[in-house]
């Protein structure tokens, strides 16, 4: 599941009916640039979120008939950094 | 859902029957180069659009039997720029 | 749907039975390098084609039981170049 | 199936109900950067793992209703390096 | 379908039950780095193979319940090089 920062809400009046009237968020990260996602969680600009792609994205909504290939699944609280155990005795591929 | 600019309509007489007679649009963005998409919305060259991939792309058409892996879902009106809340108190991954 | 140029027919005698006896084409483009695709259309080396990925690729064949994740959907006749309407009044994302 | 090193467990209290209460791992590799995965195996930070994407990711869990597009499938013990048979008599594509 | 060279067999004792006891191959190419694939064909280190992704990967096995998102579909015998018809009368996109 990809990690993104919410940049804004997307303004889009001409859209297919399958998208319903839910919010569309504009997401951004360094690897993939900009993407549009549906938002069943309620994220705000600046939040770091992770998303589900493909069929999993549709299942993220309480209405599984919604049309999306990317849905926000959760808002990340925080995560510790740089604490990978280097002494795990395994080589790098 | 990816973001693209419509470049043109694609001329393609020799195609499989599953595509029907709908319009095929040539899309372009910086990350992925050129792609071909089916268009149930009616976008014009120069429009900025977002698309649904995979099975979601097929559901975007009123005829779900249509064969596509990328369908235009909406035309983007505009979006505000550079207003991410930097003071959200969360670190960057 | 991705855009490719057909490079050649692939010679592959040891393959799983699900692929049947159809032709396998070797495709190439600048973004993704080389890929192997099934061909229900009958493209020749040098042709520019577009393809359907995933489940859509299987539906492109008249025999939906065929095993593929990439199928040629159409041969591109030509497309006009460099005619995006710059005066469409929309900003770039 | 992609190869990753487990970096940490992800702290995420605001998430959709489909994810259940299972652990979310933060994975990292050179090609794709950071990703979030569900973990039915029990990997620890520093482990090298491989993952299943898409629908296969959901089948990796004993509860197939779980919502994920990336699940850890196995922990890699080790692998020999640099032993590709260069004398196999086949050209490089 | 992606093209890879088989690098080795992957040693992985801690894995989910859905993978069965089949061989796991470590594949490598220039575009995508390293990947793990299931192998219903019987490829050896040094072989050039092509693979099916996603649901197509599962159908490649005689046991469709097997858990994989990448399966080897065939071993490439050889392919001619540099013979694209430059005189096909079509422009490059």
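Each chain gets a letter, A, B, C, D and E, in the order it is written, and its residues are counted from 1.
In this text, a residue touches a chain if its C-beta (ideal position, glycine included) is under 8 Å from a C-beta of that chain, and two chains touch if they have at least 3 such contacts.
Quick caveat, the model's predicted, so the values are computed rather than measured.
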(message) For the identical-sequence pair chain B and chain E, what's the CA-based rotation angle in degrees, nearest 5?
(response) 145
(message) Suppose you list every residue number at the chain D-chain E interface; are over half of them used by both chains (same) or under half (different)?
(response) different
(request) Let me have the rounded angstrom distance from the C-alpha centre of chain B over to the C-alpha centre of chain D, please. (result) 29
(request) Report, in whole Å, the distance between the mean C-alpha point of chain C and the mean C-alpha point of chain E. (result) 18
(request) Scan chain C for residues touching two or more other chains and write them down. (result) 3, 26, 34, 54-55, 57, 76, 78-79, 93
(request) Using the touch definition up top, name the residues of chain B that touch chain C in the complex. (result) 3, 5-8, 10-16, 18-19, 24, 26, 32-37, 44-48, 54-55, 57-58, 67-70, 76, 78-79, 81
(request) Could you pull out which chain C residues touch chain B in their complex? (result) 1-3, 29-31, 40-41, 50, 52-57, 59-60, 73-80, 83-88, 90-93
